[in-house]
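Below are two complexes that have subunit A in common, paired first with subunit B and then with subunit C.
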Partner chain A sequence: MKKGLALLSLAAFSFGSAQKGPLILNNYSKYDFEGYIIASNSDGGCYPLVTSADPDLVKIPADSHMYNGHELRYNDYQDQFNNSLYPMAAWSVMLSATNTTTIPWNDPSLSLGGFISDNTKWAASKFAMYYPGTHNNAPDNFGGTVSIFSNCYNTTPNFTTPSGNMAEIFTIDDGVTLYTYIQLY
Partner chain B sequence: MKKVLILSGLAMTSLAYSQGILIINNYSKYDFSGTLIAGSTSAANGCYPRVGNTDIVKIPADSHTGNGKELMYKDYQSQFTNSLYPTTTWEVYQNPLNHTVMSWDDPNLAPGGTISTTTQWYATKFSTSLLEFHANLALITPCNPNSMDTYTTPSGNEFAEIFTINGTTYLQLYSL
Partner chain C sequence: MKKHFLLAAFASLILTSCNNEGSATNTMESMKTPQMENFDKAFKSLGDPQNRPTEEEKRRNTSELSDRRKALLVPASKELILSTGVTENELMRKTGGDMSQIIVWATQIYMKKSDEIRKNIKSEK
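Up next, the complex of A and B:
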């Protein structure tokens, strides 16, 4: 019985926070990833819009993914700071086109169950890919934007460049947790 | 000694500004027509020179790195032979009063030259095949502290932004 209750409360907790689950970025490609991570209104509108701010660019080396433990994993805006390999010290939060604030990761307004967390989902990345250790663009200027959910960043959720580089964003919902994946090949 | 100072001053200028690459991804379903503007972003330099294309650049709807149809300008010269959207002549303003039209292959526009090393892609004025989707966008710099770097149409269905990643300037357009 106790177990049942515990499970129930866990489930309620997960539903209560619309951020709902982790962002996992797997860079399977042979190029370094540098880009912005974006969450936006969970109903598909633009705002609130949350963007990586300190550092503004998330940098994930070539060949960093779940199979070697080097993937980026952000459980939520706060937890990521202590538990991710790529900690984000501050987020830029736009409540409207004319209202932008940079908020430290541990600010109470970013906590799970708060307004910002409840009303946003991981939505997009705009990024560039480079030959490892350089800022020389990968073939086909591999980069750009992939997105889901967002009215602001409305692109296809995946693309393949003429020479075969691929980027995708997608979600897996197991009923309790919504996993958002960004993957580069 | 004076010479050394001048040289180091030049070197600093070069480090501070290099033109960088311009990439335009038009993810929207509307055709883009616009002017692409590079300039000094240093208030100490008076925010000049500034450079813009003479003829309007046109980029069809759905043209981006995802399908190999993005606009990519590496510098004022190589774009003519390497870009899908070549610019033939540039309007060069050394200051507000001194204006020259230069062919793409003018030696003054060479990479490493003063114009190239003191300017960065920072702004655009564009319209699209959708009447309400047009804007002037510029990176927020000491020369443009109050500029707009994103634009959303009144309907909320179209969005444009200008931003940089490691010195490469991106202009991206989106629509529902």
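Up next, the complex of A and C:
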């Protein structure tokens, strides 16, 4: 416990990457997406690291994007539960490599402006793609991990499969709000 | 007889509610404006072969969308902002022509409109 607190105060003191904007996932591909949604303290020490936990894998059908209103949109850890098409009932929070807790979405520790929210930002997704309505892998086993540029990950922000499918994560930062996009094509 | 009548009434109720559901799904897309459609298309176009990240862009030490690819989102973003009644002058004054500010502003408009449409559809049900 003491160690946890020390880590908390250290992290709060030194870093502060802040969950300062929404995550939008557009699946423009013709395959179903199933994957983890991950946020972390990517600019400072990687922890806290927050991962989707209930459900652990978010399922986003083929052809789900802004225009048909089926995109995944998470404004923050809490708002998403009532306002997203893909509600996340709990998040797994790692404060260090040896300290993991599953926290319900409405727990005060996940609130906007709280320690976890203030010290994390949307960072990555580890996913697989399937033919619609099945668990048959998309061509070339389209899937993997995309992550924002950071020392916390040794994966890339984008990749393309031999048959031309592509996955990417990118940000658009106007200085006030940071939008993070994950897109599948 | 009475029982049949009730059954028929009940069945027609179910039918009507199903019909309404059908029209509600139609409105989700029909209520979206052409500017919203173009905005989504611009994001989709980032996956077109010529618009994918170049080797040079991949080597950058940042996840921020490159200026070349941001530029692909700007025309549709401007269109969406102007469709709300904002003038070209106001747009330039507020954003200074900064691509990120234009795209973020348009995204916020898009999400607000999308939420309103979703709410309308819910209240119609």
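The working rule: the second predicted complex is superposed on the first by the 162 of 185 C-alpha atoms of A that agree within 3 Å, B and C clash if a C-alpha of one lies under 4 Å from a C-alpha of the other, contacts with A are read in each partner's own complex, and residues count from 1 in each chain.
The rule is short, and it goes like this: a residue touches a chain if its C-beta (ideal position, glycine included) is under 8 Å from a C-beta of that chain, and two chains touch if they have at least 3 such contacts.
This one's a predicted model, so the numbers in the text were calculated from it and none came from an experiment.
Under the clash rule set out above, the superposition-derived model of subunit A with subunit B and subunit C shows the two partners fitting side by side. In the superposed model, A:Phe81 makes contact with neither subunit B nor subunit C. In the superposed model, A:Tyr131 lies in contact with neither subunit B nor subunit C. In the superposition on chain A, A:Tyr67 contacts subunit C only, with no contact to subunit B. When both complexes are overlaid on chain A, the residue A:Cys152 reaches subunit B alone and has no touch with subunit C. Applying the stated contact rule after C-alpha superposition, one finds that A:Thr177 touches subunit C and leaves subunit B untouched. Judged by the touch definition given at the top, the superposed model places A:Gly45 against subunit B, while subunit C stays out of reach. Minimum Cα-Cα distance between subunit B and subunit C in the superposed model: 12 Å.
Taken together, the two structures place residues 156, 160 of subunit A in contact with subunit B in one case and with subunit C in the other. Every residue of subunit A that touches subunit B in the complex is listed here, in rising order: 34-36, 45-46, 57, 97, 126-128, 130, 135, 137, 140-145, 151-156, 159-162, 167.
Chain contact summary for the complex, subunit B toward subunit A: residues 21, 23, 25, 27, 64-68, 70, 72, 150, 152, 156-157, 159, 163, 165-168, 170, 172, 174-176. By the touch rule above, subunit A contacts subunit C in their complex via residues 22, 24, 26, 28, 65-69, 73, 83, 148-149, 156-158, 160, 164, 166, 168-177, 179, 181, 183, 185.
Contact residues of subunit C toward subunit A in the complex are 28-29, 32, 36-37, 39-41, 43-44, 46-47, 49, 52-53, 58, 60-65, 69-70, 98, 100-101, 103-105, 107-108, 110-111, 114-115, 117-118.
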